[in-house]
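You will see two complexes here that share chain A, one where it goes with chain B and one where it goes with chain C.
On to the complex of A and B.
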């Protein structure tokens, strides 16, 4: 029997970090149309830090995300649009507005130990009839027992799918397998996995997750995402096809949209630079990358020193304000 | 000098910390702790320290009007409106530490003078108490067109109420950045960090102003207001000098609590109770004038 797998493309959300939140409406239309034609069932459109992420802290969106969601909706045919929301950043009304613009899935994201800030957003998402996901970020920072306990909270609020999210690209395949397998045996929800490629393990980790029972996996075209990006969607489609999984996605069309639409607007290749490697190694949130590079330049300090310090301070997703301060302090000490 | 008698509604952590701070006040005297659970730690502590305790909630308190002049409400937003109605009906004052915000927002060093005579005032949020003074100070020098704050607190110091109502925190703080801070538009972000040992509360204030420059004047205004906040929260400080970049200014703050009942890292909880006591003190001073003239 063929095993079913849902690939969710995050180019238009995680890629927003790499694009410094400057996606144009045309870029979004073109990607959305391509993903629709390739029969990618779900794809995500939001500011990189989720709904309401447009800010001085994370970067203002060049085009309002609601406008981008509505544009994507017009182009994407039978594909469905997901939005990310981080309680503490995005508000319930942001989610309602996203639904009006065309979203039908909500992924409610918290740090891996803080699922109980997501109750009101998960309830609302279910009330609005959305496919509802609990997204446990920085999963490398908590032991499996804690992840299970947090997943149970998400499940109790009404999440239908729970993601293990390797925001720092810091996990190794056996760690992914252990966490996904534990969730699989302790919660009734479907399990998903979201990777970052900082240690060149995104595809391997995604395979490990699927082997352990994950049925939702995230990818981005040409890896366009924070840090070194995500598992490459088109590669993943090919790999899972070879492994005998049914994704329902047209490989050639996926390659076409990656080559013809995404590659031309990418600001830089998603290669594993010294600093993204360090993020995976030190366990630092992937979207800190560009902020760290800017701060390193401005204060003339080594990017790696900033990243290691962020790792030491156990910074969590969203703490971009630490970066400039750390860089300046390193510069002062010197 | 006649001190105002205080009733604390809500015998949880906030109420308990308030009790300790009120003990040090020159203008307030702790009188009665009101809860709904006779076995709660806060009720026990109040009893041990020789205060009245009431364990049937607001009904019990209203039956003993001689025990209090001013109420600090450290319960929940839902409960607050009923509490407020009954307390005001007795002609007494109420300081609201819940997100209910029936009365005007008060941040002591920004607008307390304006509202000290109002009978129900609201203490905004912890993030608001920590950041609004900065926005207010900058706005005295140049027009703040946009104010955004990022409050990062230790997971251990974010209680179940905050967690279940995180949207209320961001929404209320954003509104108060406008109404009290004076920004044309406000935005608030809250982040919980579970690191061990727990991190000190951190607040970053990013603002956009209508004209660049005036760095010296703005820095001076910020330093002055930091001093003013330190009068009631000694552990409130900038962790480094403000960053000026064109029309953007970023200010980095840390709030260390007094360690009364909460551990010092819980600066977020401490700044709420300290600011509330400061409001109570000012109300008492005003009332004291009245008492004397009678």
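On to the complex of A and C.
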């Protein structure tokens, strides 16, 4: 029996980071049409930081995401549209509007230890009849036991799928496998995996997740996404075909969309630069990078040493004041 | 006990393909100095197709490779220089001259089923006192039993290290593991692995090789190499550090060289484009690409269908006339 696998393309959501949230309606239409023709079952359209992310803090979208969702819906044939929503950023009203615009899946995303803030969003998502996903971000920051406990919370609220999300591209294949396998034994939901390529392991980690039982995997065309980008959708389709999995996707059509639609509008290629490598190596999310560079300059220390210390302390958003303190300490020791 | 691993950087050899063999002496000096400072034990300097590759057929080098080897030698401190030589392209005289210029390792490369042509080059290499490697290219094309037999030939000639070389970036991790493990049980030599990233698996395959017992691994800074490039040296150093291996390499210094020296002179980033993905998926070497595109146009068929057929037939260099035949057949069936 062929093993089934659902590929969810996030070009039009995670790619929003790389595009500085400046997707045009035409770009979204072209990608959505291509993904539909390629028979990609789900793809996501939202601001990079989810519904309602368009703001001074996270960057304003060039085009309102509801307009982009509606445009994508007109083009995408039988493919279904997912939206990402982070409680605290996206409001319930945003989700209702996204549904009106054409979304049929909601992925409710929280930090890996904070699933407890997602209850109301999950309830609403189910109430609206959406396929409902709990999305555990920065999964490298919590031990497997905590991830299991958080997944159970998501499940208790009504999530149908639980994602392990390697937001910083910091995980190694054996770490992915351990976490996904534990979820498979402790929750009844289907399991998904979302990778970033900062350690050049996005494809390997995605394979590890699938070997451990994940049935939903995220990718983006030409890797377009935050940091070093995601697992490359068209490459993933090829690799899983070679491995004997059935994705239902037309490989050549995904290559065409990546080459002819996405590559031409990318502001820069998704290489693994020194900075993005360090994010993955230290396990720190990219929002710290700018503060780190400033502190490194001020205290005349190597920014990479600061990042490694931040990673050891498992710093999260909101703890930016730690950065100057770490830089001062490194400077004193020298 | 920490596990030891030797990283060999091929930026100045495999990268020659991406640079259209146009490395300048200054570029080579800057990379060699950086690799020396980073304590990379070995690095390779040669035309992309090995010593003597500078020719009408393979592309002329901008600067004579002997001059580049000598320049690298002046800069590289305690690092050692390797050269690649393909019997049939590189002459014995080329190897002698490379030694005079400063090389201390020779990697004698043949198609995976043709180690028998390498005897004289291996003897000479040992006679010249070089660390001597047998390099089995296009390793995905032969079953494990054949690779073992070919490695034994190399060993009988005097090779000290045998490389499994995934020239087309076509191998999957379990295939790498099986081949390396078999070599570990059947030959006494150390085992090396050389990857290409066409399926986004260069890092994963390199890890699989090391898990199976390989102790030499190739990389290139910023991936600079043929096709989608190689395992990214600086990323590999970070990943193996995280996995508990000792490479003796200064990670931050490799990042500096990649960012400040290599990235600025790269003609284009090493993305996984549609063409390079298809090379890896079909298992076909890049030299077929141009002929395939021409035949696809002439017979009005999808070039990707031709590549997949070529891969199935395990076509090798010299069989270019097959391409038109395949294209005609596909056109007729339609």
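Annotations
By our rule, the second predicted complex is superposed on the first by the 286 of 334 C-alpha atoms of A that agree within 3 Å, B and C clash if a C-alpha of one lies under 4 Å from a C-alpha of the other, contacts with A are read in each partner's own complex, and residues count from 1 in each chain.
Rule of thumb we're sticking to: a contact is a pair of C-beta atoms (placed from the backbone, for glycine too) under 8 Å apart; a residue touches a chain by one contact, two chains touch by 3 or more.
As the structure is a computational prediction, the values presented were derived from the model and not from experiment.
Set side by side, chain B and chain C differ in how many residues of chain A they touch, and the one touching more is C. Shared-chain residue A:239: touches chain C; no touch with chain B.
Of the two partner chains, chain C is the only one that A:201 touches; chain B does not reach it. When the shared chain is aligned, no partner comes close enough to touch A:63: not chain B, not chain C. Using the contact criterion defined above for the overlaid structures, shared-chain residue A:172 touches chain C, although it does not reach chain B. Of the two partner chains, chain B is the only one touched by A:318; chain C is not. Residues common to the contacts of chain A with chain B and with chain C across the two structures: none. By the touch criterion given at the top, residues 172-173, 197, 199-204, 207, 222-223, 231-232, 234-236, 238-239, 241-243, 251-252, 255-256, 258-259, 263, 269-274, 277-278, 280-281, 302, 304 of chain C touch chain A in their complex. Those residues of chain B whose C-beta lies close enough to touch chain A in the complex are 146, 148, 150, 152, 155, 158, 160, 163-167, 169-171, 187, 189-195, 199, 202, 204, 206, 208, 239-240, 243, 248, 250, 252. Every residue of chain A that touches chain B in the complex is listed here, in rising order: 55-57, 87-89, 91-92, 111, 113-114, 116-117, 119-121, 313-319, 321-322, 324-325, 328-329.
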